[in-house]
Amino acid sequence: MANPATLGATGAAMDASRGQMSSDHHRGPRPKKALSRRNIMLYGVLIVVSLYYLLPLYVMIVTSLKGMPEIRMGNVFGPPLEVTFEPWAKAWSQACTGINCDGLSRGFFNSVQILIPSVLMSIAVASVSGYALSMWKFRGSEVFFTILLMGAFIPYQVMIYPVVLLLRNMGLFGSLSGLVLVHTVFGMPILVLLFRNYFASLPVELFKAARVDGAGFWQIFFRIMAPMSLPIFVVAMILQVTGIWNDFLFGVIYTRPDQYPMTVQLNNIVNSVQGVKEYNVNMAATLLTGLVPLTVYFVSGKLFVRGIAAGAVKG
Amino acid sequence: MNDMSQTATGNPSVSIQDLDLSFGAVKVLQGLNLDIAEGEFLVLLGSSGCGKSTLLNCIAGLLDVSDGQIWIKGKNVTWAEPSDRGIGMVFQSYALYPQMTVKGNLSFGLKNARVPKDEIERRVARAAEVLQIEPLLDRKPGALSGGQRQRVAIGRALVRDVDVFLFDEPLSNLDAKLRADLRVELKRLHNQLQNTMIYVTHDQVEAMTLADRIAIMKGGEIMQLGSPDEIYNRPRNRYVADFIGSPSMNFMDGHLENGVFSTDELRMPMDGYEFTARQPGGPAILGIRPEHVVTGELVSGAPVQHEVTVDLVEPMGSDTLVWAKLGEQIFRIRMDGQSRVKPGETMVIGLDPSRASLFDAGTEDRL
Amino acid sequence: MNDMSQTATGNPSVSIQDLDLSFGAVKVLQGLNLDIAEGEFLVLLGSSGCGKSTLLNCIAGLLDVSDGQIWIKGKNVTWAEPSDRGIGMVFQSYALYPQMTVKGNLSFGLKNARVPKDEIERRVARAAEVLQIEPLLDRKPGALSGGQRQRVAIGRALVRDVDVFLFDEPLSNLDAKLRADLRVELKRLHNQLQNTMIYVTHDQVEAMTLADRIAIMKGGEIMQLGSPDEIYNRPRNRYVADFIGSPSMNFMDGHLENGVFSTDELRMPMDGYEFTARQPGGPAILGIRPEHVVTGELVSGAPVQHEVTVDLVEPMGSDTLVWAKLGEQIFRIRMDGQSRVKPGETMVIGLDPSRASLFDAGTEDRL
Amino acid sequence: MAVAEDAGSTGHRAAASSGAKRPSRLLRNPMSKIALVPMIAIALVVFLGGTVWTIVYSFTDSGLLPRLDWAGLEQYDRLWSTRKWIVSIQNLALYGFASMIGTLVIGFTLAALLDRKIRFEGVFRSIFLYPFALSFIVTGLVWQWILNPQFGVQGIVRGWGWESFSFDPLNNPNIVMWGLLIAGLWQGTGLVMCIMLAGLRGIDEDIWKASRVDGIPVWKTYIRVIIPMMRPVFVTALVLIASGIVKLYDLVVAQTGGGPGISSEVPAKYVMSAMFGSQNLGQGFAASSMMLLSVVIILIPWAYLEFGGKKRG
Amino acid sequence: VELEVMHWWTSGSEAGAVQEFANAFNDRTDNTWVDGAIAGGGDVARPVMVSRILGGDPPGAFQFNHGRQAEELIEAGLMLDLTDVAEEQGWADVINPPSLLDACTYEGRIYCAPVNIHSWQWMWLNDATFEEAGVEVPTNWESFTETAPALREAGIVPLAVGGQPWQQNGAFGVMALALAGEEAWLAVNQDKDAEVARGEDYARAFQAFGEAREMADGVSVQDWNQATNAVIQGEAAAQIMGDWAQGEFAMADMVAGEDYECLPGLGDIAILDAGGDAFYFPQQSDPEVEAAQKELAALLLDPEVQVAFNSVKGSLPVRGDVDLGSVNECTQKGLQLLADGNVVPSGTALLSPDTTNSLNDLMTEFWNTPSMTPEDVQEQYAQIIEQAD
């Protein structure tokens, strides 16, 4: 095929005949895209904003690599003159909680032990509730949901004593199952909201088809709905992992010392009222504590956005 | 009692009695009666929002009726679970389970019903054979084309060995070509299986080609129930007449007296027209389908002739649709695809009273 | 350069030259050339995924082309902003701004272009009048029916006083009846405004009725560009022949020698057929449209006659589609709606070589 | 119609089956109701029960331990005559308003920027989201440092030679809430951004095309077309943000401890310090009852509109 | 048996001191010390302790500031009666000052074991700063205020006060006792006499506190140890803070009497308040546990344990009959005052936490609101005292 346009494909010819109408052989000027004003603005803003978000992380990392004398000198932003990993080691395995000096490592396993059943349990209960609320509505179900939603706005601290009394009556106070129950309860409002909205956005026909196929409540949930809802489960997991992993109040109130989560150690390292604050150890400890949720974020970042999309878009 | 439910013959496979359904204050279905014979292919046809899907969902047990009863195969199933009614349903969006393979989709219902393993195998194999989807059994729905998905959705109803199939606009998501092919396939399937089928659509070509009987619905009520032929040729009222047929029927307001219909332009003795009552009279509406207007050489044979002016010509390949003016009124005429008429020309058309329809101007019922 | 772009007459309104477009490694459009005359109604027709929308988006400036040029009204707009190209576009999903009233939708673009207030009023009023949506001006899109939304979407292009209208399957979301009505309205609008219109669809009835010229696309290339009549009667190759026409063309494999086409069953002298080349020969495919098969009394007048067995009958009201067997081959025949044939019967059909198409068995190009 | 009735009664109605009788509303789909029992129990026993319990005890003079010594409205009297409470409420109103707007605006803006088909979207998204993972116990301290007039931002800028530069939000009672906001936004916007981003991804591509053909600038399209379309997303985001604001506590304790003076006190902190600092549970309960009341006043009409008004198909 | 002990002693020296208790308990008895440390002070730890008690799973023992904080728990009968242990060990004879034991006594029964004494009544001065400003190191509040302009001149902030409310209220308490006198102080704190709080003597204290507010302008830190650090670094000249501040000077290798001075009672009235910590023992159903609790109670006041604990913690022992060995000048001053009986009960023993908290809020508001006059704050102070129970 004879292609006259190929003649004009060279840049020089292109510019020379710009705006000329007589020949239909030349190409219009192709605007430079990569460095357009729009892109400079866009990335400029993003990078500046990123700096704001990264600044605290930078301070934390830098501080965690300094020795105490250097910190006393007071330059928050300066890079460490002498890099030391001792604060990290100390935070992990030496920092004292009362008379136990084995750092965060002591609580790490407890945290995992609390985290796993709590996350599983809260997601299990919330997903089933959200599913029932969106697919098996009955008169009044929304009223209960509204009450539940109110729970999202109650400061946890207010609920400490009522929950203590409740757990006591159930004989669960001070046990791991009690704590799991508490996490489940307080995770409910937001999680049920998320799940309910997500399931409501799935096609009703699927539900109907499954009912015609003779599937019951649980079969529809496990065989049809749950496998389609991976993203929202990931979202719920991220929310709960973050919330439960970072929880201090419930962990310390509803368990006994041998089950204290990592955050109790973190609090003890960070919050000592008297004496010298070892800021470098504090920072290292915080970063260490945040590693688990951070890992979860990075691993599931893509699914996160997708899942929230489905859950949130349909109000 | 009207005659609708009596048209069905034999012991009805599905019988709907005085069905009412309201969403809150909105009454969607009202006192609906319908009997569907064993092995019949019934099409529910109606404009959007008239309650077709609602009726189908009631039959399937996916909506709780407000009042009335539903009988399937001689059993009152008004409050039975969907899976216990002996029905299979195919949805507009197919509603295939996306994470299961085709085989999984087909066998899900059977597994729920605890059908033995080898029996499941047998039935799935048979359905796959009937629908020619054997090579697809291990794929997931996402990897299927629209037509294939449709077949799987039908297969899902098929394997369950049900008495009644319910289809809710199963072809409306497909493009024209595929729709035509699957329509034929469905008809073949029905001939082969001889199950009762209830089919919702708002495509009249589907309705006309597939149905043994068509129920035209409007606002939650059945306007007319009859064979495609009956509905096409003897619409019970103006709504049905207008609804069925594309391009739609031409209507003329006029007056009927002593068996002669007349307007300002036209005088038309209704010889050969079968009146429903003896010698009606008064203001009336005459309806003539575009394809029943004759042109060219054939005009001379038509009982009534008239001159019209061509307004717009739509060549459609196989046919040509001419929009002409008869006095002030727009008149649609379907002509052969090879016809060459131009806007502005005048031509003579011929009308046959025996193929026309007459309606009372007030009640709009057929005269 | 092939001869396609030369078919257009006069100064082209839109001219597309050697257009290439790729998404990453996938070449969607390749070396596409197309000239569209001032005031022409061009329809892009093709199966799903063939690149129709992509081409339209390139013309609108919504996709950056990889290579080639686009000229509109004598200006090179290859890299111009969509709003500066003098085009208006109507989308399949309408893409109305849901939170604005109809009036807001119509005037949003104008306000933005700082058109004076009274001028905006004037233009909106005119568009509303043309489209008959005056009573809807204060409603939001959510409160409109499908057809009304469609009109608003057209109105949004209309008020902008553009030279070229682009439509991307504007009717495909509507039901059959509405589709037919709006089709006619669009045709009227074009007659009235005389703008250049480029219209994407995969519905052939739309294409046939609306187009001045149709471009049949396949895999990012234009297969045939010509008037509806040309495309219907003289398809350039087997793909086009198969694609256009519903029910689609019947094909028979055979052999052409000395102007006679023959299969095992049939011998058909091709008298009256216009060959594109002189005296071709060899393996060939014969195509005959179902509506060009004559039956009944007319058979005697047909040059070739043959007996077939009826397999399936689809009455469609106005027509009846008969699936018959000619030897082993399925043969579709369109008959009058009043015909009464039954499966199993045999009947005689007549074929007219002058209305048939012949294709080379290898290249599938028209002979 | 009567005929059909008769035919029914004589014909097949004899073969009555389980489907014939209308089952009671309660017993239909029992499993779905059983499955909701935990949620209903939690809603009623914990949240409603806990609320009622709290309100009841707000009328007592409970100190360290809850006990039913009635005190009438005394706690409320005292609450509303305590300056700290008034300041807390004002602060929360200010912070809540600013944070709501700020989080939505920043979250949406970032999402919009990320939605412009940019490279490294995943990296930017992670950067904006990571603060959500870190506990405020220490990040509050870091922000304290950064905002510290001597060795934080102010110090650095002065070090560059701009001697009169002044930026000490945490030490200035008038602007301390803004200092909190800086950190609050830092932590909370990432999640909202994710929600918004997801919402943006759900917008029909054709809307964008239409606005480009209409020649509408991008920013205007966002404001006039896209944002109105994302109402449900904003509602979800709002519930999340609002619940975070009402519970605002950790951030204040970590960053300012309520200071300088009482200038950055917030209701949740008032409740905490009344309950566990002053050992005056009654007072804490009274304060939290007031907080709940205002939440209910906002929530109930909203819930009514959301669930009560319209029915979904 | 394993006995869980909850406390909020988590910093280096505190934890070291607790270790002394734990070692003694583990070595000398058949029981095991299970440590339940929760940092963050009483506000964080208290709800945990109370929750545990309410939840029916109380710890074996827990730390409270002694005084009125645990009153309600005792009233509710949730605490173990230690009277028999106290009598057996003769606590009444050895505990000095006796007010400590009074704070543990409710309706004649003893419910807690005091373990240490901390006193608020100190002012710490960095000698070098005064030298730099060219003035004498002051010996009382009066002379300190006179040096203030000179210090300012030299670019030194006269007084360092941390941003937390308890520090400001605490500092005022010290000034009130020193400037208004013991009598007025006791009338206000012990007898809740609002008239005295409105009176002349207190007006002087408020005026002085107002001056202090001006003198403190220029140091903006939150934590008390940061303020102490400002003094150590020479940015500020002095700080009013409890004896726990001494540890910071020691850490910075400063020597009392040479590098820094300490003025008990601001040098005006040499008197100390005797605050401190005590352990409480919740009622348990298990008699074995109860036995262990009593063993621990006895052990806490054991002379050897007292010495070991207090020398690590840097506080003063509650027994008058033990010798801490070699101590620095400031500690010696404190011990001397204790021995001389120049002691008043601590604020926590006299005022309910509710009142203390209200006062904290008031004083911090005053401290941070320049427009608030000493007269304003005096009136509001009096009102709070009026309502105190």
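Letters A, B, C, D and E name the chains as they come in the text, with residue numbers starting at 1 for each one.
The rule we apply is simple: a contact is a pair of C-beta atoms (placed from the backbone, for glycine too) under 8 Å apart; a residue touches a chain by one contact, two chains touch by 3 or more.
Protein identities per chain, from UniProt: A = Carbohydrate ABC transporter membrane protein 2 (CUT1 family); B, C = Carbohydrate ABC transporter ATP-binding protein (CUT1 family); D = Carbohydrate ABC transporter membrane protein 1 (CUT1 family).
Computed from a prediction, not measured in an experiment: that's the story for all the values here.
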Partition of the remaining chains by touching, absent subunit A: one piece
Pair of chains joined by the greatest number of C-beta pairs in contact: A-D
CA centroid of subunit A to CA centroid of subunit B, Å: 53
Between subunit E and subunit D, distance of the C-alpha-averaged centres to the nearest whole Å: 40
Centre-to-centre distance between subunit C and subunit B (centres being mean Cα positions), rounded to whole Å: 27
Junction residues of subunit E - those touching two or more other chains: 47, 54
Residues within subunit A bordering two or more other chains: 157, 161, 216, 267, 270-271
Numbers and ranges of subunit B residues touching at least 2 other chains: 84
Interfacial residue positions of subunit D with respect to subunit C in the complex: 204, 206-207, 209-217, 220, 224-225, 228-229
In the complex with subunit D, residue positions of subunit C that touch it: 57, 60-62, 81-84, 87-89, 91-100, 108-109, 112-113, 156-157, 160
Subunit B to subunit C touching residues, read off their complex: 47-48, 175-177, 180, 183-184, 187-188, 202-205, 208-209, 228-229, 232, 243-248, 289, 291, 312, 314-318, 321, 323, 334, 337
Subunit B partner contacts - residues on subunit A that touch it in the complex: 203, 205-206, 208-216, 219, 223-224, 227-228
Of subunit A, residues touching subunit D in the complex: 42-43, 45-46, 49-50, 52-57, 59-60, 63, 74-77, 125-126, 128-129, 131-133, 135-136, 138-139, 141-142, 144-159, 161-163, 166, 184-185, 188-190, 192-193, 197, 200, 204, 216-218, 242, 246, 248, 263, 266-267, 270-271, 279, 282-283, 285-287, 289-290, 293-294, 297-298, 301-302, 304-315
